[in-house]
Structures are given as structure tokens and as C-alpha cells.
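Each of the next two complexes has chain A plus one other chain: chain B in the first, chain C in the second.
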Partner chain A sequence: MNTLSKKSAAFIFMAPAVLIYTVIVILPILISAGFSLTNWNGLGKMEFIGLKNFQDLFHDRILIMALKNNLIYILIVVGMQIILGFVTAVLLSYVKKFRGFIQTVYFIPSTMSVIAVAQLFNCFYSVTPLGLFNKLLGMLDVEPVTFLSDFDKVLPAVSVVEGWQYVGIYMIIFYSALISISPEVIEASNIDGANKLQQLFIIKIPMIKNVIAMNFILSGVGALKGFAVSYNLTSGGPSHKSELLSTYMYKIAFTNRNLGYGSAIAILIMLLSLIFIISINKTVRIDGTEDS
Partner chain B sequence: MVNKKLKKCASLFLVMSMAVSMFAGCGSKNETEEVQTTTENTGETTEAAATDDTAESASDESGEVKKITYFTPKVPSDDVLAIFQELAEEYKAEGHNIEFILETADTDGYDQKLRAMATANELPELFDVDGDSFCQELADAGMVVDMQAFLEEIGVIDNFIGASLDYIRLDDGSLYGIPWEFATDMFWYDKDVYEKYNLEVPKTFDELLENCRILKENGETPIIVDGADGWFYLRYLAMIPFRETGNDYVYALKSGDAKMSDPTGMETLQFLQDIGQYFQPGCTSTDYSTSLELFLDGQGVMYTAGTSLLDSFVKANEEGKNFDYFYMPLTDNAATSANEYWVFGGLGMAANSATWDDDVKGFVEYLVKNFSEKYAQRGHFPAQNVEIDLDNMDDLYVRIANDNENIGDVYTRPWDIVLPDNVTTVFNDNIASVALGQMKPEEMAALVDEELEKQ
Partner chain C sequence: MSRGIKKICFWVVVALIFAIQIYPIVWLIIASFRTNSELATNPFGSLQHLTIENYVDVIQNSNVFIYLKNSAFVTCVALIFVVMFSSMAAFAISRIRFKTKNLLFAYFIMGLTIPPFVTLIPLYVMFSKMGLLDTHIALILLYIAFNLSISILLFVNFYKYIPEELSEAAILDGCSVYGIYFRIFVPLSKNTILTVLSMSFIGVWNDYLFSLLFINSTSLKTVSLGMQDFISETGYRVWGSTFATICITTVPTLIIYFALNKKVSSGMTLGATKG
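And now, the complex of A and B:
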């Protein structure tokens, strides 16, 4: 105990992790920030242009569309992951038999490669040949739906995939939080005459609000950085209707080879993530104290 | 007290061990070796540093194995790759200490990874290029070997079919890739379905659209497309301008002397929208291999594809299908003739100038001198002239070989190769919407013109 209380020992133990974090996370961010001040195609000369790339962000019609799409994407993904994750966790806490099996089944999609999941849903959404969803619609006498070509349907169709894939992770986190609530508190509420719903909303949810906030942050930031599903399913199309900030950044940086402007978009994504985290933290502080 | 000190020391020791092992792990990737390379520009032997991954020094005398990595977007089942691997084994059997490493990636992944490699100055020994703006940038940076000079040096340049070489040449005529195939593109169609509805092979685009209308009215899917890839739509977009102007219009777009909103541009965008209604439903999620499977399975009547897929159609005909082909139709006022259409050399093999040593050079020379005959034996058309025994070939192959003998002087240039990357991106992002009727041709033209103005 005396060893750990000394500041020097604390610094020594933290040093490797801080060093790795600096090299893998902080340094690339700084380098990217440097690139964002230049006009560079990756091969030729790097030309310093100051904040021009950031000025161009405000006039970029496609970037603004991608930002709007990302907000809708976040709403759908976070909504699915948090709500479905929480509901399944609550239901799981009441299950006595086969709990382990159900947990595993719900968790399996989270362990799958995102490319595989995207290909799976590509087949599900397919019209030619008829995919699973359109076959089910056919049984209900509904015409096939071009989920991935329709301007109005493509973004929700893409969002649902990521939302679905990681429900299992949030289910596990919520479940762990729910079962860690002291049984004595639940017993006391039983004695006071509270029913299951009252226990859930008045006791359990307030007691795990830090976990809920943390999940919002994880889910929200994950959705803000969402890339693989959209890129693999539709490449952000048709006509940018499923374009996200990260897919647009990728195309600008690696297809158009405009590394300077692509880096500026990457910095924007980072800043938006920070704003999101700070907002959630301000609403519910993770350390357990509440905002007045 | 002594125990506490011992514990402290043990803790410190563990932390330091972890830190040292971390540094050791990071360090091994950055070791460099000095190797001798021959630069493309001076022809002199210079010493250059190369990364650990690409330049283990190798010589037949020392017995060390020279690793030659070839990075390509070709599918692993491609006969070109199979023949390369065969030839690599034969080359090794002749006593050359090389290890041929084949690295493949899908088309999108290949482009991004190659660009990242170029930026990091870590190109593999061999990789594939098109004659596009990226290849030009690599050439300007001195990162690729002058293949014109190399092919002249080894005395094979005259063996190559001019059209194959021209496909990969840059605008200034320079050559940085070696083509391996001579491929032509055409419309493949199900003859039985055509006969069922008494349709004639279309000679003009109007006749093609009329055939599509009749097929659709009868419940058929007229055309199967690889709708997931923008370049597929660009093939359709390029046809009418090629018929009316040759390649003048696309090069005028590139140079700024023409706009997409010009009459030629608007005509071809309208054509794409007209024909797009005859593509299979949900085509935007159909990738290249799925589109081929759909057509071979009889899910559609027509499909544009090149002779690189000839063996698929030959095999399908042997199994009972009745596929045939026709070339790009004409317009009423065509400036190009019926025997002028799509000709491809396929992707060209480029070489990293930083690792272009005698080992790599010798191996590529072996490939160039021994590839074409093997490729022809497998029912393909190689980029070099070889004697082909047509008596043993399928009827489709024989007819196409005869067509190749009579091909014209002008070949359609792919728009995704001629136009700058940012303009191609605009096409790739939006062209499907035009084909599906979700975006007006005028809107598409405006987007393209806006991007062209940035050049």
C-alpha cells in the first residue's frame, strides 16, 4: 500500500501505458492536425495553406449532408443499441434457465467481422436475387423494396445494421450493472410494496445511470466514427444519401488523394466526438455526483 | 523492511521489462538495409535504403532468397495470376533464388492500400497500375520503372499488340506498366431469349433500347449490370460520345474545353437514364462476380463484359446455354466505325524503381518472354503476338480472334482512367442515381462541371 501511494511509483506504472497511448493516439492526431494545414496529395510537395481546409469545410455541400446523415445515423444506432441492449438486459435478469445460452446468442453478432455482417445484410436486402427481407415481404404480398438504392430508405437500412450488430455488447454491460445492484435494496423495495416496473424505473435505472451515460458515450462516439458498414454496403451512396463523415473523409483522403482536406475532416470528427462526450458528462457525471 | 525493498525492486524490474520489450517490438519494423538498386532515370547503380520487408539482399551466389512481392487487385482465381505462379516455379527451378509472393486485394481496397504504400514510400517490388493520373504522379515522383525502355532493352517491344500498350500509356505516351492481355468488351446476350421474341442484334442504340423495351414488357430483365461499381456505368456513359467524337470529347472534358452540360454530355446522360430502367432491380448492390453469376444463371438477357471472361461463356455454352455477343452499337452520325470499340490491355504490371534490381528485372523478363503462350493456351488473348492454333479453339474464341484481326484504329478510352480522380469520384457517387431515374441528367451535369472547373 505504501508503495502505491507514492507518486513516483504511480508515474512509473502509468508511464508505459501513457507512452503507448501517446505514440498510437496522440502523435497521429498531432500529425493529422499538421496535415490539415497543408495541401498535399501524398506524393508531391506539401504546401502550407493555413486554415483554408477548415474554411472549406463550411462550404462543402457534401460534408454538410454527411454531417446530417451522421446525426440520423447516431440517433438510430444509439437508440437501437441502448434501448434494445437495456431491454434485453432487463429481460435477461429475470431469466432463470438458459441464461448463459441466451447471453451468448445475443453476443455472437458483436464478435463477427463487420465485413461479414455487411455482406450478410447485403444479401438480406438484395432484390436481384431476392434477399431474405424481400422474400418475407413477398409472403405479405408486398412488392420488393430496393433498400440500398432508395434515397429515403438507404440511411435507415445502413444504420440498422450497425445498431443490430452491437446490441449484445450493451446488453452485457447493462446486465452486469443490473445484477450488481445490492439485493438488499431490492428486498427493501419489495417490503415497501414496489412492483417490478417501479423497481426498474425508480430504483434500478437511477442506480445505474453512470453506466447508462457511459454506454451513451461509447455508442454515440462509435456511431460518430461509423464507417465500415456504410462503406461496405453502399460506399456512402446512392448520391451521398448514406454518406457519413468518416466515409467522406476516407474518399477525400484516399480516393481523391487530398490528404490535407481529409485530415481536416478527421480533426472535425475528433472535435465532434469530444463535444459529444463533454455534453454527456455534463448531464450525468460519471464519477457519481449529479449536476444540480 | 528488506521485504518491502525487494518488492519495490521487483515491481520496478517488471515495469522496466515491459517497457523495454515494447521498444524492442516497435524497433524491429524500422530497420533498414542498404541495397543496390538500379534507378530508372540514370541507369546507374546507386545505393539506396529500402525497408526490411522489401529488400532482403539476395544473390544466387550467396544463396539468400530474394522475395519479390506482387500486389494486385486481380482475383486469386485469375488465369494471369495462376500463370505467374507457374512461371515463378519454373524460374526457381532454373536455379534462381526467388520467392514470389502474391498479395491480392479487392479493387477498392487495392487502390487505397497502394496509395498508402506510395505515400509511405513502401511500394512492393511489383504492382498493378492503370494509365491514369495516379500512375502519372508515381512517374513524376520517379517511383516507377520506365517500361518502354525496359521492353526495348530486352527486345520484345515489337511483339506487343499496339492497342494493349496504348491502353496503359499515359497521355504523354510514356509507358510504366506491362500489359498482359488484349481484351475487347462487348454485349453478351442470350440468343435463345432473343430468338424467342424475334429480336435482331441491335445495330444502333435506338434498336438496343427497343429490344430492352420488348424484353421488359415480356417480363424479362433486359440487362444485368455490376451496379455496385461506378466504372460499370461509365462504360455505358462513354459509348455515345465515343461513337460521335472518338475520344475527343472525354479528353476535352479533361482539358476544360468541353462541359458535361454540352449536347454530347447531355445526350449520353439521357441515354444512361433511358437504358438504366432496364437494369436489374436493386442493381446498386450487385457486385462484379454476382452480376456475372446472375447472367450465367439466366437472370438477365444481356451483359457487358470483356474477353477476359470468355472462358465463363464458353463453359456456359458447353453446359447448354446459348450465349453470343455483339459489339458497341452505332449512332446515326457516328464518327467511329463498327469495328472500333472497347480494347483493353488490362492492368499493367509496374515496378518499384527503388527495388528494381537485377533479380526483379530478371524475373520480370522471364515473365514477359514466357507468359503469352501459356495465356493463349488457356483460351485467352495475350498482349503479345503468339501463334494460336485456332483449330482447337471454341467457335466464340475463333470468331473473336478474327474480329481482333480486323479491329479499327481508335479504341474507347475508359472515362475513369482519363478523367481526374475527383471527377471520377463525382461520377462514382452519383451516376447510379442517374441510371435509376433518381437524379436528373442536368443535375449530374452540373455536379460534374462544378468539379471540372476545380481543375
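And now, the complex of A and C:
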């Protein structure tokens, strides 16, 4: 059937998307790689300096801290979103009334701007006046904690914000997966005398393995894009204790005008994402084939 | 443990977890109706009195309507093009036979994993050279480009369910490939279009990174940037007005969300529930 083989039609249909996507998404990645090999500051001349920027990365204490912070950030965010998302999905599947209402409300934070949520938590974390968390601590007779200026507490405090905001999305995905498990399997396990906990771990979880893996990737990729909460809430402070690779890159490139070095950090972020996704993909293949 | 106690425990846990998610929202809404002095001294104490002065202040004295207008403009234009370009590209990938189709599909899917930071510096330089810094066009182009991957994925997944027989019958009737797209695929895609719209809407409306970098003039600011108006240089925040602004600017997203609830959730699951 020649109608569906017309090359010209294919071209016309694909051209706009391919054009915009290539120019705005793909091309800049290549240019970034190019910039990372220079010491350009945006105005003067661009000098090729080879891999010097990357060498400097290894000795950059702030970068190493940002890298560590990023990993912890991802762990907390992904941990919260997957675990809380899954637990609430399981709980939801046993709730009969108000299900729709709960789902709706759970999703609302995901529709809010990250800045809105960040500012909200700014109020929750505050010490003067006494924020929510410090008030709760006060009820337990614990001294107020300066969440956002305490060296060890600021990073988890910042991570929790992003973790909290998107739990709803993962709850909905897990919930849909759980209720689509064929009831016959559940019936059979009931007849075999399995209790709810056994059902959960031995039957349900393995059956939705693909969805769990996909959620790990979604959550991880989302966490890698983390920027707004740290930048807006604490500016990566105090003393870079909540600095992420993204905020550091932003500051280096646009505040310090060091485009070459900033690009090197950007390439590093890109490589880390690739490694992350490939490793998740290897552990559980999500294209349907089983990893025996 | 008796069944009764188990049941109570269960419901207590459910209520607790539910409260963690919903309390901040409820608190936010109530807080937007409290006075600034109350919020500055005892925000989590008992409610003293409710007032709409924050809303009045925001509506009269701030630029919130400018920001809303800007966000609405940028979002609408971007979304129209996202839907158009992605459904067209998805149609070509799904139905038209040409050699590189699978490669191109993988090419777009790749975009889902790319952190936007990698593109920031070159984009800034490019737009700067083209004089597009501090323009809405820059934002629109960015929003279109970064939403294509997910939208194309959604459309391709949907088009799988349109039977070949429909297009074959249309061809026998003398339909061109463009006719098949416009007269068969587009009308059938209503649900997917709504899903794509709602998912992209949330991402675009709430964007912070791109608007932070590419917009400077107050008259062009979008909603996310605008929220920082109430934070002065010294870090002193006018909480009441900030919360009122948050509530006002979240309303459009909520409207879209409640109106299209099912579509948004189904978009999120992305066919993840295939057996």
C-alpha cells in the first residue's frame, strides 16, 4: 500500500518535532561537550584547554561535596517516593470508601509549583517563629532544631521536600498496577491459605516487578533533575551543605560566568544519569524480558 | 490481636499517613487567610482570626495577574504546538512506513532521560546570540522541545490501539495519508490529547529553572518566578501574601486537574499496568 509509504509525508509529519527537539535538546548536549573543553567566560575568546576542566573537577572540594550531596538527595527522594508511594498504594487497595477522594488529595502537591512547596516547607522548618516540626519536637520536650542552617540536617531537610511533593504520582502508578493483578491469582492464594502479608511479598510484588523498576527510573530521573528546592530554599547552603551538582553548575556558569567549567559539570551530570539508567535497566529489564 | 484491634490499627495508620500528605495543603489554605503578624509570630498556634487581607493585598498591590497572564500565554502556546508536533510525529512513527522510524522513536525516547542542565549553557548562549533572552518565545521553544519526548510516547502508545483496518478502509475509499491522520487519528485521539495536555500543563506552568534563567523583566515573569516577589533581599518574607499568591496561582492547575482527573492519572501510568 503505497499511501502509507510516502517518504514525503513521513518527512512532513516528523520534521517539526525532529527540528525543535534536535536544536533545543540534542544539539546543546553536543555543544556542552565542546564548551567543556574550553575556558570560555562567555565574552572573551574561547581557548581550547582539553580535559583540564575535568581534571579540575577531581580536585574541586565543592564539587565532590555536591556529588555526595546529590547521591544522598537521590537516595532520600527516591526512597521516600517509592516506599511511601508503594505503602500508601497497598493501604489504598484495602480501603473501600473515599478511595477517589484520597487519590485526588494525594495528587494535589504534585500539581503545585516546586517553589510553592519549598516556601511552604520553609515555614514548616523555621525556628523563629516556631515552625511545625519544631513545635512537634517541643511537645516531645526536644530543643528546636534549625533544620535549614544545621550542617547535618539541611540536606535531608531539603530532600524531604521534593520526596514529599511527588509521592502522589507513585502512589497512583503503584495502585493501578496492584489492582490490575488478576483476581484469580489472589483467589488461588487465598484458597492456599496465604495471609495478606504473604500475598503481598510472594505474589503481588513479583507480579508488578516491571512497574516497580519503571518507577525507580522515573523517580531517579526526577531526583537527578532536582534543582529548585535546593536553590530556592537554601541556595545550596550553608557552606554548600545542601549544594547539588545542578545548583553548583548553575552558580558556576551563570554567576561566576565560567561557562567552560560549568559545561564540564553539566557533562558530568549527563554521564551520571546515563550510568544510573543503564544500571537500573540491567538489574530489571523493563522491556518485558525476564532476567533469570 | 483480635480483628477489631487490627482494624483500628490499620485505620490509624491510614489516617496518619493521609494526614502527612494533606495537612500541609490544608494548613497552606488556612494560612493564606491569616494575618501576617499572626504568621510571623505563631504560625502553628491556634487560629486567631481569619481575614482576606492577604488576598486583597496580593490582588491590589502585586503583579500576580501579570504573572498569571504570562504563564497562561506561554503555557497555551507551548501546549498547542506540543500536541500538534507530537501527534504528527507519533503518527508517522506508528503508521507510515519508512526506514528510520524505529531509530527516530528511540531518538525521542532518549529525551526522557536527559537532565535539562546539560542544555542550559549552550541554550543560553544560543538565545543570547539570537536576541531571544528575556522573551516569551525562548520559553515557548524550550517547553515545546522538552515535552515532545513524553507526548510522542503517549501518542505512539495510543495509536497502537487504532486498528489497521480503519486506515486500510480509508485508503480504499481514496483517502490520502493526510486524510487518514486528520479524519481518523485526530478525532480518535481526544483522550490522549487531554492526557498530553494535562501532563504538559503541570510541567510548564510550574517550571522554575527555565524561567529563572531566561526571563528577567518583571513584565514577562511567570508564576513561579513571581512568587519570589515577597521575599526581600534580607530574606524577610511576607508570609501571608506569599501563601495567598501560592493559592491563587495553583488554582488554574487544580481546575485542570479536577476537570481532567482521570486523564492525568492514566497518563501517569503510561500503560505501566500491562500484565
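Just so we're on the same page, the second predicted complex is superposed on the first by the 269 of 292 C-alpha atoms of A that agree within 3 Å, B and C clash if a C-alpha of one lies under 4 Å from a C-alpha of the other, contacts with A are read in each partner's own complex, and residues count from 1 in each chain.
Throughout what follows, a contact is a pair of C-beta atoms (placed from the backbone, for glycine too) under 8 Å apart; a residue touches a chain by one contact, two chains touch by 3 or more.
Fair warning: this is a prediction, and the values are worked out from it, not measured in the lab.
> Pick one for A:Ile108: touches chain B only (first), chain C only (second), both, or neither.
In the superposition, A:Ile108 contacts chain C only.
> Should A:Ile275 be classified as contacting the first partner (chain B), the second (chain C), both, or neither?
It touches nothing on chain B or chain C.
> If you stack the two complexes on chain A, which partner ends up touching A:Leu91: first (chain B), second (chain C), both, or neither?
The answer is second: A:Leu91 touches chain C but not chain B.
> Per the contact definition in the header, classify A:Pro129: touching chain B only (first), chain C only (second), both, or neither.
both
> Output check: A:Ile267 vs chain B and chain C. Expected answer is one of first, second, both, neither. What do you get?
In the superposition, A:Ile267 touches chain C alone.
> Touching A:Leu51, do we find chain B (first), chain C (second), both, or neither?
A:Leu51: touches no partner chain.
> Does the superposition put A:Gly42 against chain B (first), chain C (second), both, or neither?
both
> Is A:Ile20 touching anything from chain B or chain C once the two structures are fitted on A? First, second, both or neither.
Touch partners of A:Ile20: chain B and chain C.
> For A:Ala9, is the partner it touches chain B (first), chain C (second), both, or none of the two (neither)?
It touches chain B and chain C both.
> More residues of chain A are touched by which chain, chain B or chain C?
Ranking chain B and chain C by residues of chain A touched puts C first.
> Give me the intersection of chain A's contacts with chain B and its contacts with chain C, in residue numbers.
On chain A, the residues that contact chain B in one structure and chain C in the other are 3, 9, 13, 16, 20, 23, 42, 122, 126, 129, 250, 254, 259.
> Which bits of chain C are touching chain A when the two form their complex?
It comes out as residues 10, 13-14, 17-18, 20-22, 24-25, 27-28, 31, 39-44, 81, 84-86, 88-89, 91-93, 95-98, 101, 104, 107-108, 111-126, 141-142, 144-146, 148-149, 152, 167-168, 171, 175-178, 180-181, 202, 205-206, 208-209, 213, 223-224, 227-228, 237, 239, 242-243, 246, 249-250, 253-254, 257-258, 261, 264-265, 268-269, 272-273, 275.
> Mind listing the chain A positions that touch chain C in their complex?
Listed in rising order, the residues of chain A that touch chain C are 1, 3-7, 9-10, 13-14, 16-18, 20-21, 23-29, 31-32, 35, 42, 84, 87-88, 91, 94-95, 102-116, 119-124, 126, 129-132, 135, 164, 167-169, 172-173, 176-177, 180, 182, 210-211, 214, 221, 224-225, 227-228, 232, 245-246, 249-250, 253-254, 259, 262-263, 266-267, 269-270, 273-274, 277.
> Provide the residue numbers of chain A that touch chain B in the complex, in ascending order.
2-3, 9, 12-13, 15-16, 19-20, 23, 41-44, 122, 125-129, 144, 146, 148-149, 151, 233-240, 243, 250-251, 254-259
> With touch defined as at the start, can you tell me which chain B residues reach chain A in the complex?
The contact residues of chain B facing chain A are 4, 7-8, 11-12, 15, 18-19, 22, 26, 108, 111-112, 115-116, 118-119, 134, 137-138, 140-141, 143, 221, 228, 280-286, 294, 299, 421-422, 425, 428-430, 432-433, 436, 438-439.
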